[in-house]
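Each of the two complexes below includes subunit A, the first together with subunit B, the second together with subunit C.
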Partner chain A sequence: MNIYVLSLGFGLITASILAIASVGFTLQFGVTNVLNLAYGDVMTGAAFVAYLVTKAGGGLAEALVAGAGSGAVASYGLNRLVYTPFVRRGTRLFGMIIVTISVSLVVQNGLQAIFKATFFSLSLPRPSSYTFAGMIFTSQQLVIIGLAVVAMVLVHALLSWTKLGRAMRATAADPELARSCGIATDRVIDVAWLLSGALCGTAGVTLALNVSSFTSTTGGQFLIPVIAAAVLGGVGHPYGAMIGAVVIGLSSELSASVISPDYKEVVAFIILIVVLLIRPQGIFSEVATQKEVAV
Partner chain B sequence: MSSSMQFYVSNLLVYLGVDVMACLGLNLQFGVAGLINFAFIVFQAAGAYTAAVLTLGPSTAMGGFQSYIIGAHLPFPLPFLAAAVVGGALSLLVGLVALRRLRSDYQAMVMLVISLIATTVVTNATGLFNGSNGLALIPQPLKSTLGLSPVGYQWAYVVITFVCTILVWVVVRRITGSPLGRALRAVRDNDAAAAALGKNVTQLRLVAFVTGGAIAGLSGAVLAQFITAWSPGSWLFPESFVYFAAIIVGGSGNNLGAIVGAALVPVAFLEATRYIPQFGYPGLVDALQWVVVGLLTLTVMWFRPRGVFPERPQRFARPPGHGTETKT
Partner chain C sequence: MGESKITKLRQVTSLALACGVMAGVVAMTGGVEASAAPSTLVIGNFNPFSGADASFGPEMVAGCQPAVRLINAGGGVMGHQFSCIEFDTRGDPADAVPAANKMVATNSSLEGILGPSADEALATVPILEQAQVPMFADTGQAFFDKSSYHYFWRITPADDVKGYALALWAHKKGYTRAAAIFGNDAGSQSDVPSLVKAWSKLGGKMVDNVKLALDQSSYRTEIEQMLSSKPQVIFTEIDPQTAGTFLSELQQLHGLIPIIGTEVTLQAPWLKAVTGAVGAKAMTQYFTGMQPYAPTAGTAWTTYNSALLASKAQIPQPSQWSSDPYSMTYYDAVTTMALAMLSAHSINRATYNNSIMAVTEPGKGKTLVYSFAQGKAALAKGKKIEFVGAGGLIAFNQWHNSSGAFEAAQQVAGNVKVIGEVTADQIATLSK
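This part shows the complex of A and B:
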């Protein structure tokens, strides 16, 4: 069987997880301009929730719902209890990055203190495997790809066809103007955090499902490819993040079989840097200016 | 003092010197010039590696149990100088890519990515860097020349560290107190305005970035020569966050703040507590330490967002014939 076709299959799975995670990351960033570096650790938290659910006898569906729910609650809570108070107090871009890093340290090491620094895996029944055009997928991996497609379609539908989606785009473009037009931007921001958190939680569970064993640092390590995908497309642009996820996911898995698995992430990151040298604002973003944090 | 106590204190003093140097370097980049260099630890590691391979003999000499390049066996202080040069040169290379056209939040994220690239390359290029095992048995500077007892040499190394630290402090102060320092602050606060006044924003950023990188390289060399070992696992990207936390706590943009931050965060919280009795399962104390560092940073960000020693606002004499209203 052709090894490149096989690695294309792996690339599709990585791209799916990345797409869920980076669309969530970029949606929230686009609306609020808070660079949330604790995102990866919320993913880990959702993975642990899913772990507890499967340990208590829950199946994959329950684990995914619990993961998405806990991600949404955690993100909303983080914003309401930590980030918004800091922004109201006058902390701005640089400061907010430091705040999110501190939260990331607390969450990651808090999880480690609770669960110990060992390996965990979701206790689910052994999946059956299927072959498609030379690519092998387990039933769980097919669920991951399906979830990614559904999530992307839903995000697209939300942003283009609903009033809420239009309000989100308006807030992302110009929060002041959106507020003057009668949009309740604080509620839009709440929804953005909830939605981003649900995607983050889903991504965390799918990541745990795919890597077979995870630790308290898994999400934090996965954050860097997520950021790379989001930046590649232009931060704040969900469609850019989708394309970025596909580019990063496929290029890393394909380069693993073409060059060496040791360097798979390096290749993806070098693509990111080269793209940024040509288009400093990312693929989709129009302007290379930075906006202020929105409350 | 008993000799074990002397070892403990001299260890902490060397770590203090290394962290003060690193914080002064990062403060120049982040506090003064506003560059969010999340890859800072990479430049420190590069300096440490440079110093290591320049002091070690040829890699075949010790039975070839570790592989690395060069092995020049250079005498002190050449490896230290080379470490600073390599730190600066690597910064120039990264700076030319990352600092020219990118907005600052993208810069921060690209730096994170660069940090991960560096770790991956170093771990996998076993011929160059000996993979994740790293290097061991790095000779210490002047050890045979001085011919001191182990404790005596510890104190001699403290002196070497402090000489380097004072040197760094003098250099950084010269920059921050000069017109160049004011130009860097102007670029940090409003790059468009600085450019409109004829300042070359990219060039100024590069100056701060390269100087900070050279200082990072030197501090890494001092550390690696002291602990006589180097491995990529101890230079991962979260380590950069510790220095950021230190600068935020101490006072970003203020050199005194950077020194106090270095004493508080990496030394007092992460090094000194290494010797408190372990409780719970192995690793619990480590995790809790990091939780405390995170909470400490959040607390400082909340109550003293500009740090314990805030940057002092600059006051300038009014130009003659302007704004001198006379009240009668």
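This part shows the complex of A and C:
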């Protein structure tokens, strides 16, 4: 089998997990303007919820639903209980980043205290493998790719064709103006946290499924490529995050086969730097240019 | 600010400086003096407790705590009790260097150290040497095979020895084509040069040699590349999470092939992560780990194991460390230090460091002792002793290194089962 074709398939799986995670990350940032660095740890929390569900006899579908639900609830709760009080006190972007780092540490150490510093695997049946167009996928990986496609279509449909989606885009573009136009921006922000949390939770479960063995730090380690995909596409822009995820996922796997596995992360980040040198605002520009983030 | 306040500030500053200098002097001249009132002497557990090699720390504590339990139960050393304190190096020299400086500067009762590991040894051994703290390192780096550090001791085998053991076992099994899959961390990579050299000496061909970036979400491309070179066996040392991902993907893509790992791959966290990822049946069928020969029988091991199992309050699930050769050697290291202090009649670090070989090396007329209590009793009677630890005989060479045979082990029904041995002679012959 051709190693490049195989790598393309492997890149698609990585890109799918990245896409789910980075679209959630960027959607939430676009609407709320909070760069949530605890995102990876909420992913881990969802993976642990999925672990408990599968341990209790649940299947993949139940694990995904539970993971998405717990991610949504955790993100909504974090915003309401922690982030919103700081925002109301006028904490600016840099201060909020520190707050989210603190939350990240608390969540990560909390999970470690509860589950201990050891390794966990979802208790699911061993998947069967399929060959398609020279690429190899397991049944679970096909579910991951399918989930990513469905999630992207739903996000597109939400943003393009629904009143809520338009309200989210208006809030992302200019919250003051949106409020003056009668949009209940607080409710829109709540929905954005719930939605991004659900995507975050789904990404956490798919990541746990993909790596086979995870700990309380697994989601946090995955945050860097998630942010890279979001930044590459243009922070705050869901379509950009989708493109960014595909570029990073495919380039890392293809570079591993073309150059050396030692450099697969390096190549992905060189592409990120090159793109940002040419387009500092990322591939999609309009939201990113209005945000405070200095990339 | 008034003049009196300035004077007072100067006085306070001077006092603080004087205290700092005194603390430094105490640290630099060997810590607590023998004449000091009985205090709790600290054994620093200087290893990663977080980060990729976080599994090292608990393994160390599992050796330190039982030893301290027995020393304290036996009346301590010259009235002093012992305690184990954890110092997290995070497995990174950037964190380990300040941690070492802080440990030395702020712990005047620091009597000895377990560690450092390969992750931070090159950066921190000189610091500990300068502070004159005896250290029982668990680094395997060949750099320390013939080093002149006076306070450096190593009971665990050097990495180049591990490489020889892996190659010898694969050769014994009849394999000729192998792939080396090691993590890109310093600890794992230090095994590779001797493995490659030994495998070639035995007539084997290393068809692929991969440095894996740790904790990635996928290694499928690396797996395809490795399999394209058609290895019959995989040599490995990678952290548990990476191993879980790599081996489960190998299993999903093309099925597992025989795997021979270092002793790291026989540790409880590694076994848990990989068994969860590939299944217990596959582990038994394909996996063999090579670890320093440490029989789970005999007086010394029974004493260690009883103390270990009694240390539930300090060690979660203590039985998981019962057959762990590294935990045994940490236990032996603490016991050796305590016996050396008794032999030297001093808890001064520089003084008792010179007595370490006196309580371990064989000699005519020496009394063999298998525990702290036996050693203390024999020394009290004026006898010379040779301490035989839970991990077996301790025979330091002139560079303070002691290593022996290796055993091959598999995980069967949740337990590690020894299936064969590579002798010290075979290793010595190959390493010539």
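What we mean here is this: the second predicted complex is superposed on the first by the 285 of 295 C-alpha atoms of A that agree within 3 Å, B and C clash if a C-alpha of one lies under 4 Å from a C-alpha of the other, contacts with A are read in each partner's own complex, and residues count from 1 in each chain.
Quick note on the criterion: contacts are C-beta pairs under 8 Å (C-beta built on N, C-alpha and C of every residue); 3 or more make two chains touch, one makes a residue touch a chain.
All figures in this text were calculated on a predicted structure; none of them were measured in a lab.
*Asks:* Label the relationship between subunit B and subunit C on subunit A in the superposed model as either fit or clash.
*Replies:* Once subunit A is superposed (C-alpha atoms), there is a clash between subunit B and subunit C.
*Asks:* Look at the residues of subunit A and decide whether subunit B or subunit C touches more of them.
*Replies:* Partner touching more subunit A residues in the overlay: B.
*Asks:* Mind working out whether A:L52 is in touch with subunit B, subunit C, both or neither, as first, second, both or neither?
*Replies:* So A:L52 meets neither subunit B nor subunit C here.
*Asks:* Could you say whether A:V65 touches subunit B, subunit C, both of them, or neither, answering first, second, both or neither?
*Replies:* A:V65 contacts neither subunit B nor subunit C.
*Asks:* Which partner does A:L158 contact after superposing on A: first (subunit B), second (subunit C), both, neither?
*Replies:* neither
*Asks:* If we overlay the two complexes on their shared chain A, which of subunit B and subunit C does A:L142 touch? Say first, second, both or neither.
*Replies:* Neither subunit B nor subunit C is touched by A:L142.
*Asks:* Considering only the touch criterion stated at the top, classify A:T14 as touching first (subunit B), second (subunit C), both, or neither.
*Replies:* Second partner only.
*Asks:* Would you sort A:A113 into first (subunit B), second (subunit C), both or neither based on which partner it touches?
*Replies:* Only subunit B is touched by A:A113; subunit C is not.
*Asks:* For A:G95, decide between first (touching subunit B), second (touching subunit C), both and neither.
*Replies:* first
*Asks:* Just checking: does A:A228 make contact with subunit B only, subunit C only, both, or neither of them? Give me first, second, both or neither.
*Replies:* first
*Asks:* Have a look at where A:P127 lands relative to subunit B and subunit C in the superposition and call it first, second, both or neither.
*Replies:* It touches subunit C, and subunit B stays clear.
*Asks:* In the superposed model, only one of 21-29, 129-137, 165-173 or 309-317 in subunit B has C-alpha atoms clashing with subunit C. Which one?
*Replies:* 129-137
*Asks:* Would you mind listing the overlap between the subunit B footprint and the subunit C footprint on subunit A?
*Replies:* 116-117, 262, 265
*Asks:* Spell out the residues on subunit B that touch subunit A in their complex, using ranges where they run on.
*Replies:* Per the touch definition, subunit B meets subunit A at residues 34, 36, 97-98, 101-106, 108-110, 112-114, 116-117, 120-121, 123-124, 238, 241, 244-245, 248, 281, 283-284, 286-291, 293-295, 297-298, 301-302, 305.
*Asks:* Mind listing the subunit A positions that touch subunit B in their complex?
*Replies:* Listed in rising order, the residues of subunit A that touch subunit B are 35, 82, 86, 89-91, 93-95, 97-99, 101-106, 108-110, 112-113, 116-117, 224, 227-228, 231, 235, 260, 262-263, 265-266, 269-270, 272-273, 276-277, 280-282, 288-290.
*Asks:* For the complex, give me every residue of subunit A touching subunit C.
*Replies:* It is residues 1, 3, 6-7, 10, 13-14, 17, 116-121, 126-127, 129, 136, 138, 207, 210-215, 218, 221-222, 225, 253, 256-257, 261-262, 264-265 of subunit A that touch subunit C.
*Asks:* Along subunit C, where are the residues that touch subunit A in the complex?
*Replies:* Spelled out, the residues of subunit C in touch with subunit A are 50, 54, 58, 184, 210-213, 215-222, 224-225, 228, 240-241, 243-245, 248-249, 251-253, 269, 272-274, 276-279, 316.
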